[in-house]
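Multiple structures are listed underneath, in structure tokens.
Next, two complexes with subunit A in common: one pairs it with subunit B, the other with subunit C.
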Partner chain A sequence: MKKILQLTLGIITSVGGFLEIGSVVTAAQAGANYGYKLLWAILLGTICLIFLVEMSGRLAAVSKHTIVDATRERFGFPFFSIVMLGIVAVAFLVLVAELGGIGLALQILSGIGFRWWAIPVSIIVWLLMWKGTFGVIENGASLLGLVTISFAVAAVKMHPDWGGAAHGLLPTMPGDGKAKYGFTAVSILGASISPYLMYFYSSGAIEDKWDESYIPMNRIIAGFGMTFGGFLSMAVLVAAALSLQPRGIDIEKFEQAALLMTPALTRWGFYLFAFSMLFACLGAALEISLAIAYFFAQGLGWSWSEDLDPSRDSRFAFTYTIIILLGAIPLLLGIDPIKVTMMSMALTSATLPLAIVPFLFLMNDSIYLGKHRNGWLSNSVVAIVILISFVLAIISIPLEIIGG
Partner chain B sequence: MRSKRFLVASLVVLFACKPPTPAEQLDSALSWVATARMAGDAWLQHTTPDKYTRQTLELSQQTLLQLGTKLLKSPVPGVDSASLDSLLTRSRGHIAQMAALVTAKNSPGFRQQLDSLISDETLVKQFADSAESKQ
Partner chain C sequence: MKLVRDVLDKKLTDREDCEMGRVSGLVMQVGERSQPRITHILVGGKTLWMRIHPWIARVAARLSRMWGPKRDEPVRIPWSRVESVGKDVKLDVKARDTGALDWELWVAKHIIERIPGGGKQEEE
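== the complex of A and B ==
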């Protein structure tokens, strides 16, 4: 009975916690610019994420290691420190984007600019981290994030062309503007396959004391939770394709995205968008802050647990305190969170091999996983998607930068 | 030494942020006029709050001002830049009026300005289409 409850809660929180500023902005931009044409990128990213999340949980359940401490143990500290540098730098940019997303949601609700929200938002995130437990962070924010289901309601209410949407699930290339199209695809993949999610999930499995009996549950949570989450991302793209593309609106600023659901849900659409962004970004900001602190603590051998009193894992608590404080600075300086989002999502794609290749080695190591190590299917799917993201990233990021 | 030069050259190429082309700026201008129109429609239907609507209209107006200045400096090939500038100036005027009328909660006056903006939007779209066809 306890496991059924955990399973249900796991799926619900995976759905509620799936969307964040990166997935919303990239999907909305894709829909506004290219209609349904980039649905394939969300599909590809979601399939890869299902495999990666399942692997992260399996590694923790079987080996009782998080990805971070297994990477350090298996590859040694010098290699681990290179991985840490790349992953933490990109995760920090994503944290800035999420804090900015909360600020932008509050801006459209209150009329007070997002810069003014940087400090209050950071204090709230920090307080929740300081006072909260892992359960509060994992479940609380994600349950609030269920408001993002409104994107699916809006998309369906606008009567999409289902045939056209199905056609968008197959990759195509546009006649012109290939760099921008490629950059948007890369950003979608980066938003879908966020390494911080794997680190958070595997650490969570250790926090929740998973063992091998949790393997089937892990598979169901990863499969159903991520699939439903992927559908929500697709719903954002479809809603943007139906509400913004016919009007010729390209999303450069958050204010433009705020109109996404109004044609379908009128006044409710505006407020549901604002609260969706508020809760989705809050959940993501908590998870990323925690993931970065886990990364340092597990990598450097400190004691760590979100369930411990901060006085008992002071270096862990100090890390997230500093990270959240630093995350507020770019926002105080007025740096546009949407620009940070797009760049951080594309950079996530570019740095994916750094996170995923050592992880694949671990998942094939019988010392850690015994009979539960990866099969050919998991290895192939993840390797192919990572290769596609990486190639697209190294081609399109320079082209997009040169193209302004 | 050679590898150092190559590295510097690569970094220069990578980070030499070239501004968007005039045609892309014109597309952006059209997008902002459309944004102001959609925000205006939403306000008239009581869908969006006053503060958000006013801020979005002001943002559209400011962005159009910046884009107009850039388009004057580097005109879109084959497009009469004087006519385009006057059209964008007029659109900005309507948007500024709309922002003021939100504060005054004057719906009839707002609708009048919105109708004029819709006419301007059609003209900006014609300019954008003509620029695209000449590319």
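== the complex of A and C ==
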């Protein structure tokens, strides 16, 4: 009975926690510019994420190691430090984007510019970390995040052309503007396959004391949770294709994205969008701050648990405190959160091999997984998607920077 | 036992299962007549940074002289205190007495406990 409850909660939190500023902005931009044409990128990213999340849970349940623990032990400190540097730097940019997303949501609700919200928002995120437990952060934020289901309601109410959408699930190349199209695809892939989610998930499995009996449950949570989450991303894209593309709106400003649901849900649509962004970004900001602190603590062998008093794992608490405060600075300086989002998502794609290649080695290592090692299917799916994302990223990021 | 695979970089826990860092290095004694043997486990910054580059170790050492608990030498734990080597390396020591938690305690005392709601490290 307890497991069924955990299972339900696991799926609900995965759905509620799936969307964040990255997936919303990239999907909305894709829909506004290219109609349904980029749905394939969300599909590809989501399939890859299902495999990766399942693997992260399995590694923790079987070996009792988080991904970070195992990476440090298996590959040694020098290699680990390179991985850490790359991943923490990109995750930090994503954190800035999420804090910015909360600020933007408050901006459209209150009319006060997001720069003014930078400090209050980071203090609130920090307070939730300081006082909250793992359960509060994982479940509370994700349950509030269920408001993002309104994207699916809006998309369906606008009567999409299902045939056209199905076509979008197959990759196509546009005649002109290939660079921008490629960059948008890369950003979508980066937004879907977020490594921080894996670190957060595997640490959560350790905090919740998973063992091998959790393997089936882990598979169901990863499968259903991420699939429903992926559908929400697709709903954002479809809603944008229907509401923004016909009006020729290209999302440069957040206020324009807020019109996403208004054709279907009118005034309500506006508020639902704002609250969806608020809760989705808040949940993501908490998860990323935790993931970064976990990375340091586990990699260097400090005590870590979100359930302890801060003074009992002082270096862990100190790390997230500093990270959250630093995250507010770029926003105070007025950097555009939408630009940070697109760039950080593309950079996530570019750095995926750094996170995923060592992880695949671990998942095939019998010292850690015994008979629960990866099969050929999961290895191939993940390797192929990571390769595609990486190649697309190193081609399109320079082009975007030159073009932009 | 394979030292690099099974010991190096593993997490250290004390007799109360308190986490006390990871194995940064190992000290081996090579005598003229005796077999080489591992005498100590090293924990902490200096050894760790040396594994990347001596230059980084020098910068780290300079920084730690300005800030933090003053400690020049890395923490050395006699190999005889190793109780078991499994998922973690379990030691028959009390973490606080070894010096491996100097930074943890320093950050707690100087920063975390001064922030409201930070709690207190247990005094013993």
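To be clear about the criterion, the second predicted complex is superposed on the first by the 404 of 404 C-alpha atoms of A that agree within 3 Å, B and C clash if a C-alpha of one lies under 4 Å from a C-alpha of the other, contacts with A are read in each partner's own complex, and residues count from 1 in each chain.
Everything below uses one rule, namely that a residue touches a chain if its C-beta (ideal position, glycine included) is under 8 Å from a C-beta of that chain, and two chains touch if they have at least 3 such contacts.
Please read all numbers here as calculations on a predicted model, not as lab measurements.
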On subunit A, do subunit B and subunit C fit together or clash when superposed? fit
Thinking of the overlay built on chain A, is A:Ala317 touched by subunit B (first), by subunit C (second), by both, or by neither? second
Once chain A of both complexes is superposed, is A:Gly163 in touch with subunit B (first), subunit C (second), both, or neither? neither
Quick one: is A:Gly175 in contact with subunit B, with subunit C, with both, or with neither? Answer first, second, both or neither. neither
Given the superposition on chain A, what is the angle at the CA centre of subunit A with arms to the CA centres of subunit B and subunit C, as a multiple of 10 degrees? 130
Subunit C versus subunit B - closest C-alpha approach in the superposed model, Å: 22
Under the touch definition given earlier, write down the residues of subunit B that touch subunit A in their complex. 13-20, 24, 27-28, 30-31, 34-35, 37-39, 42, 45-49, 51-52, 54-56, 59, 63, 125
Touching subunit B in the complex, subunit A uses residues 107-111, 247-250, 252-253, 255-256, 258-259, 262, 266-267, 269-270, 398, 401-404
Residue numbers of subunit C touching subunit A in their complex, please. 4-5, 8-12, 18-22, 24, 48, 51-52, 87, 103-105, 107-108, 111-113, 115, 117-121
Would you mind writing out the residues of subunit A in touch with subunit C in their complex? 63-65, 69, 72-73, 76-78, 80-81, 130-131, 300-304, 309-315, 317-318, 321, 367
